[in-house]
Amino acid sequence: MSKQKNINTDGGRGKRAGIPEVVFARFKDDASLTRAVENLLKENGRVLVTKCSAGQMSVLEKRFKEKIKTDRNAGICIVGKINPIRNAGSVAIISAGSSDYFVAEEAALSAEFLGLKVLRHYDCGVAGIHRMDCALEKIRKFDVVIVVAGMEGALPSVIGGLVKQPVIAVPTSVGYGTGAGGLSALMSMLNSCSPGIAVVNIDNGFGAAALAYKMIRWIKK
Amino acid sequence: MSKQKNINTDGGRGKRAGIPEVVFARFKDDASLTRAVENLLKENGRVLVTKCSAGQMSVLEKRFKEKIKTDRNAGICIVGKINPIRNAGSVAIISAGSSDYFVAEEAALSAEFLGLKVLRHYDCGVAGIHRMDCALEKIRKFDVVIVVAGMEGALPSVIGGLVKQPVIAVPTSVGYGTGAGGLSALMSMLNSCSPGIAVVNIDNGFGAAALAYKMIRWIKK
Amino acid sequence: MSKQKNINTDGGRGKRAGIPEVVFARFKDDASLTRAVENLLKENGRVLVTKCSAGQMSVLEKRFKEKIKTDRNAGICIVGKINPIRNAGSVAIISAGSSDYFVAEEAALSAEFLGLKVLRHYDCGVAGIHRMDCALEKIRKFDVVIVVAGMEGALPSVIGGLVKQPVIAVPTSVGYGTGAGGLSALMSMLNSCSPGIAVVNIDNGFGAAALAYKMIRWIKK
Amino acid sequence: MSKQKNINTDGGRGKRAGIPEVVFARFKDDASLTRAVENLLKENGRVLVTKCSAGQMSVLEKRFKEKIKTDRNAGICIVGKINPIRNAGSVAIISAGSSDYFVAEEAALSAEFLGLKVLRHYDCGVAGIHRMDCALEKIRKFDVVIVVAGMEGALPSVIGGLVKQPVIAVPTSVGYGTGAGGLSALMSMLNSCSPGIAVVNIDNGFGAAALAYKMIRWIKK
Amino acid sequence: MSKQKNINTDGGRGKRAGIPEVVFARFKDDASLTRAVENLLKENGRVLVTKCSAGQMSVLEKRFKEKIKTDRNAGICIVGKINPIRNAGSVAIISAGSSDYFVAEEAALSAEFLGLKVLRHYDCGVAGIHRMDCALEKIRKFDVVIVVAGMEGALPSVIGGLVKQPVIAVPTSVGYGTGAGGLSALMSMLNSCSPGIAVVNIDNGFGAAALAYKMIRWIKK
Amino acid sequence: MSKQKNINTDGGRGKRAGIPEVVFARFKDDASLTRAVENLLKENGRVLVTKCSAGQMSVLEKRFKEKIKTDRNAGICIVGKINPIRNAGSVAIISAGSSDYFVAEEAALSAEFLGLKVLRHYDCGVAGIHRMDCALEKIRKFDVVIVVAGMEGALPSVIGGLVKQPVIAVPTSVGYGTGAGGLSALMSMLNSCSPGIAVVNIDNGFGAAALAYKMIRWIKK
Amino acid sequence: MSKQKNINTDGGRGKRAGIPEVVFARFKDDASLTRAVENLLKENGRVLVTKCSAGQMSVLEKRFKEKIKTDRNAGICIVGKINPIRNAGSVAIISAGSSDYFVAEEAALSAEFLGLKVLRHYDCGVAGIHRMDCALEKIRKFDVVIVVAGMEGALPSVIGGLVKQPVIAVPTSVGYGTGAGGLSALMSMLNSCSPGIAVVNIDNGFGAAALAYKMIRWIKK
Amino acid sequence: MSKQKNINTDGGRGKRAGIPEVVFARFKDDASLTRAVENLLKENGRVLVTKCSAGQMSVLEKRFKEKIKTDRNAGICIVGKINPIRNAGSVAIISAGSSDYFVAEEAALSAEFLGLKVLRHYDCGVAGIHRMDCALEKIRKFDVVIVVAGMEGALPSVIGGLVKQPVIAVPTSVGYGTGAGGLSALMSMLNSCSPGIAVVNIDNGFGAAALAYKMIRWIKK
């Protein structure tokens, strides 16, 4: 009954704001999703899709065949040219628990899509903080540190007191009871006593990667 | 216009539930407060008053003269016999920031009132966690550890991963923005990835001391 | 597309913090869950898994066969040596309604895994508090009391006024309307007028058992 | 600069809805407050003013002189004919703590204004519930029971399981931390496991009295 | 793995508190639910089950066969003797929208179970309040009025200004956006400018009926 | 077991309040929904159904056959005479993202049902606000502008500063983390620094259309 | 220590968006406030100041002397030419309680500043809705209706069902307990079952007037 | 009565985490505040104090005399050597309204303390976004952009779509009604559709400056 939908992608965003437009799949019907990917593929040669359900991935795989790479746990698809690592800069991604994997990988795959070198260091919660000691040596060599944590979200505060890099904190929806949905982790990160922590939305792994990329691309040059 | 108020104190509570009744001063008018203290003084020989404003303290000092000891910062008064330290047991009280002092001292003075030996170790936030190392040796000799923290409230998670004692976490209302009022700290403590942390209400230093006392008195005997 | 995941278990936690690491199953994919159990089984000889779904239990039963024991209602698995009751100490577990069973049993099975003797006294709500009288005699002989309640969560306040032991209050997500999710019960417990009640997160039966264990192991010794 | 304000009182409400209009003083400027009282005094011969500040009371006392009776703690004024007790029915008012006095008295004075006989039984919290036993005998002879409680608000659940009368629960804003403002008490009362408890707004002592009056006047007749 | 569960029903509650114990089905597993019904059936001869899912109803129908009557929309079962209408008193039940039917019927069937005569007047929202005029004549002859409303929950305020009976307001979870879950309706009812409205929990039709019953049985006698 | 339900539609609402009654399908069972549509079809000759699930649409299609038109994405059905465009006035509907389509179309189809001419301009988020320039020329010729946005909901503020028409802002539930459910968008719109923005409930596309219609029909005449 | 502040007023806004910029006084220091008024006075010949404290008014009166008109209750100042009533259109302003006066007058004085004719009809709550009957005749002759209400905020729903004009609902912060701050009234208005109600922020009388003005100026022309 | 307080400053933080410790004045008593400043002055030669009240400033001015510089609006003091501008890098600070001045200046003075060059561009809200055009040229030459906004907090989303630098968004507590306290602005910023925006706590100007400094010092080097 309704009119033909316009999908009004913003191909020039990469030039203007430094980050190419990506496709946020959730809430999109299959037709809109496919058209959005097609448009951006034509404009930019490659597209990142985030928060993509298993069902949506099947639709995209059918349409883009060998041109698509997917990670079901992280809800990520990349369509078109896989980026040769440009080594524009580097980011270390630390996660508090193995349950936070899906967000940490959204960040990691997004960072790689944007051309950053990525170190993954997962599953090192604050209850066993001594386990981080040798990892810190390695981490201190990277440009930016992304810390992903659910539940009480304390890890970025601890890391932020131990390294000189800018720390980007990503709260996750991992938890239960009062921790369900990630509000507890978010509030911890916003109220951190370690000064200078950048916070992004709950489960927003892509946002953290985009912020790391903006820091590196703009400031390093 | 209204009828005479009954102040219906519960003198037998010490025998029944192990902790004598104390007086919560906030919301009480001067007459009710004074009568409550008088009743319990008669029944128990000594009274602890918490959340007592400066104005209320003046009223009580005028009434109980040399029988009263007060700490204006902590909002605490003790009327009657100062407890000789019975050394029933011992509690280490750690606070994250110097702003949390008023709650940490409520806990410390309450614990001393109840006959516990108290170690105060204040102002050691998670952003400089390495500063705790030598203190930990000392802390590990106490029966119970109370950790007081506002803002992101991460300290109990870190301490809980480093000591074997039961840890009682007290969130404080110290903070601003999303941290104002203590909800952020409370949620951190409830969602701690260190298992076995006991949480009490925001700013409830007395409750933490009472819980430590119950643990020690009942379990140690 | 993503890299091999590290499962970075903390085998030494038992020695350091007094409680061995357990596996929180929710949010974990099957591969991560299995690997986490395998690692800890090797390190500690036995593993407790909490918040485990029926589907995850089937995966673990297939992998660990006769080495696993499960309770589907409580979402609990134990893999490896069933603990001979060491009688380190004892805990009485009281629940307000029969709907709170799933949390009460998480607490009870966790306590038994940790070597405590457990008394179960379920389904005794505050609306019929007189029914508790004869049970109280028995309960008063235990080291610690865990009280599990949803809806208005008033039971710990009442019990806390009747016994001398430390009371650990566990709010449950049982309820509807404003009570849905357990916030009402949690707030009741944090604001209890019975002093010295330890509160844990909503539905956190394991946390209550771990806290009871820490009290008993450390203080009693 | 602004136009003359209309004060548009509803003198006929007593006939229509069974309860005469009363004046809610908070947020009213002195002129509006005085005019509202004058209008209703003319229409009904007597007026109840609630949530009246000390400053507002002084204004009204100056205007209505010997015609006014006030209770500063309860924030209540009565202007005009003091009601001879009509003994239309009776209400027992129970409060949990002495800090809840200001709400309990708002209920009690309102009930007396409406012609009900009132029993005051204050300061009997759930932590010492055994203290209620002998009082219950007396309370069971009244038509309706109003229970006033702040903090965890558990008292109405306990009373509701012990008496046959309709119980009206009034949460108060007494508390601190998560209990500040009365939300914790309100949620407890709405989620009570004692069926058939009527809840009114936080600190709404007048509403509880009005409800008791409507029950008695309409149903008893 | 777990121990045999006790179902600890409270058969004497009818005598003590005026309302027989009913069974709240949600969160109960099938075995606990069945046992609870069996116990109370033996003690009281008849049982009311609320918040019962379609699946649970099938289990109960299989067990109690011709002894059970069910209403799937309202989530209500009655097992045992259907009450002959005792005409202890009468209640008018008004609902704002046809979507509120499931709660209004929970109230109506509960009231009939308790022996009250019920008038159902459904689907008369405040946006067409003039439609109520002739209904009001009829409604004014009943002992108590229950008003059920979701969304903005304004109907009880309007009705409360037009009738002399006690009004019991039941917020429902009907709504979307900010109205989802019933909080908006609940807050409207608690803040009603019509004095003397009794509020119960969201979707708590049974609680409203129980309260009406307590008013009528106790006060009318 | 329950009584026959009354569906008490308000056929005269169109005359009285300017907008004919529509049917809100969510929470209605199939029988009530069908009867409501039948009643209003008889009274008004045509009916709009909103928030209609796919399952409910199938029921209505079966009943009303060729008389019904549906849009599954927007959850909208129209039964009876399709409105000839009366061109009473015109509304431009702008949406921020393609994910907001389902709400924008609810607004658009409702506006057309009410006889308004509609311009759809979808998918023009604030991150690429320059893309709106040429569209603004066109938009400025319409009577009213409806702006639909989820996530941070900033678009109405920006549009409101660029056009002279009344702007109606519709927050959508599109988002995740703290944006889930639409609260973030709603709060943005209520706090807009562009004065004179009308806000409706989250996802309430119909409400926006009805408001536009009321403005145009009443003020323009 | 800090740099000279720019006050960067937007004099062209009247041309661009139809409403001249006004000054929101709250949070501004005296120097910024004065400069903002001076700038706009030069650009537009007249200025409206909202949410102006008594102290700020004194500062402005001293500076602008006979050029300023103030209303302390409504927190409104007008500096410069008082608008001759242009009679561009008309708005009826209805308030629920006399406590809502300060918001209703903010709306009324703002509307007059913008050149609208204003009818004030205050203090007609829903508990006595019959009192509105004769007023409705008069109200129905105005272009737009603004309804101002605190507490349960039900009045706009009722009015919206009785008149054909667009209704703008303004929640106020009048209330206590759960109604404190205006959230209850806001939620009622957003969830109104009367379709087509425009909602603005809590206490935002100016916003309501600006919206009415935009409707009338743009649509009527 | 209480013991001597330790002020346990962390002088080595500058070396370890890149940012010297600063003093958060709120909640500190005068003695603790003075001691904290003295300690850090000795260790680092200069100290930044944030969230400092007028009263606290007077205490510090008395103690540190000509060594202190203060900004009462921004709540900032600098004690010791004023930093020669090291020009480590540069930051543009944009604020939405002149009411946000106090937070924007906290950021600006903190950035200057840390040795950054600062461009202030205040009072350019989204309702007049066209006013930013010429400013953008200048802003695009800075390393990092800090955007400070209260109310609906939309400005960072708009700026983020127009510049390539990393954008740090600071929500402020400026607003009223639902905007009071800054939650609305915070949520807007976390849910921005402009990817790669760093968010800090409400009113946390210092945190934004610290984050900008960490980006520049670490990445640029």
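Read from first to last, the chains carry the letters A, B, C, D, E, F, G and H; within each, the first residue is number 1.
Here is the rule we use: contacts are C-beta pairs under 8 Å (C-beta built on N, C-alpha and C of every residue); 3 or more make two chains touch, one makes a residue touch a chain.
This is a predicted model, so every value here is computed, not measured.
*Asks:* Quick one: how many steps at least from chain C to chain H, stepping chain to touching chain?
*Replies:* Shortest path length, in steps: 2.
*Asks:* For the pairs F-H and C-E, output the one whose chains share more C-beta pairs in contact.
*Replies:* F-H
*Asks:* Return the chain whose centre of C-alpha atoms lies at maximal distance from the corresponding centre of chain C.
*Replies:* G
*Asks:* Comparing each of A-C, A-H or A-F with D-E, which pair has over half of its contact pairs in common by residue number?
*Replies:* More than half of the contact pairs of D-E reappear in A-H.
*Asks:* Using mean CA coordinates as chain centres, what's the gap between chain E and chain G in Å?
*Replies:* One centre to the other, that is 43 Å.
*Asks:* Distance between chain B and chain F based on Cα centroids, please, to the nearest Å.
*Replies:* Distance between chain centres: 55 Å.
*Asks:* Find the geometric centre of each of chain B and chain C from their Cα atoms only, then give the gap between the two centres in Å, rounded to an integer.
*Replies:* For chain B versus chain C, the centre distance works out to 27 Å.
*Asks:* How many angstrom between the C-alpha centroids of chain H and chain B?
*Replies:* Roughly 34 Å separates the two chain centres.
*Asks:* Among the residues of chain E, which ones contact at least 2 other chains?
*Replies:* Residues 13, 16-17, 97, 125, 127-128, 160-161, 177-179, 183, 186, 190-191, 194-195, 201-202 of chain E each touch two or more of the other chains.
*Asks:* Going by the touch definition at the top, which pairs of chains touch each other?
*Replies:* Result for touching pairs of chains: A-B, A-C, A-F, A-H, B-C, B-D, B-H, C-D, C-E, D-E, D-G, E-F, E-G, F-G, F-H, G-H.
*Asks:* Could you pull out which chain B residues touch chain H in their complex?
*Replies:* 69-71, 73-74, 76, 78, 97-102, 105, 108-109, 120-125, 127-128, 131, 150, 174, 176-180
*Asks:* Please output the residues of chain C touching chain A within their complex, sorted ascending.
*Replies:* It is residues 1-3, 5-10, 12-13, 16-17, 24, 26-29, 32, 36, 51, 171, 173, 181-183, 186, 201-204 of chain C that touch chain A.
*Asks:* List the residues on chain E that touch chain G in their complex, please.
*Replies:* 96-97, 125-129, 151-154, 157-158, 160-161, 175, 177-179, 183-185, 187-195
*Asks:* Which stretch or stretches of chain H touch chain A in the complex?
*Replies:* 13, 16-19, 22, 89, 143-144, 160-168, 186, 190-191, 194-202, 206-207, 210-211, 213-220
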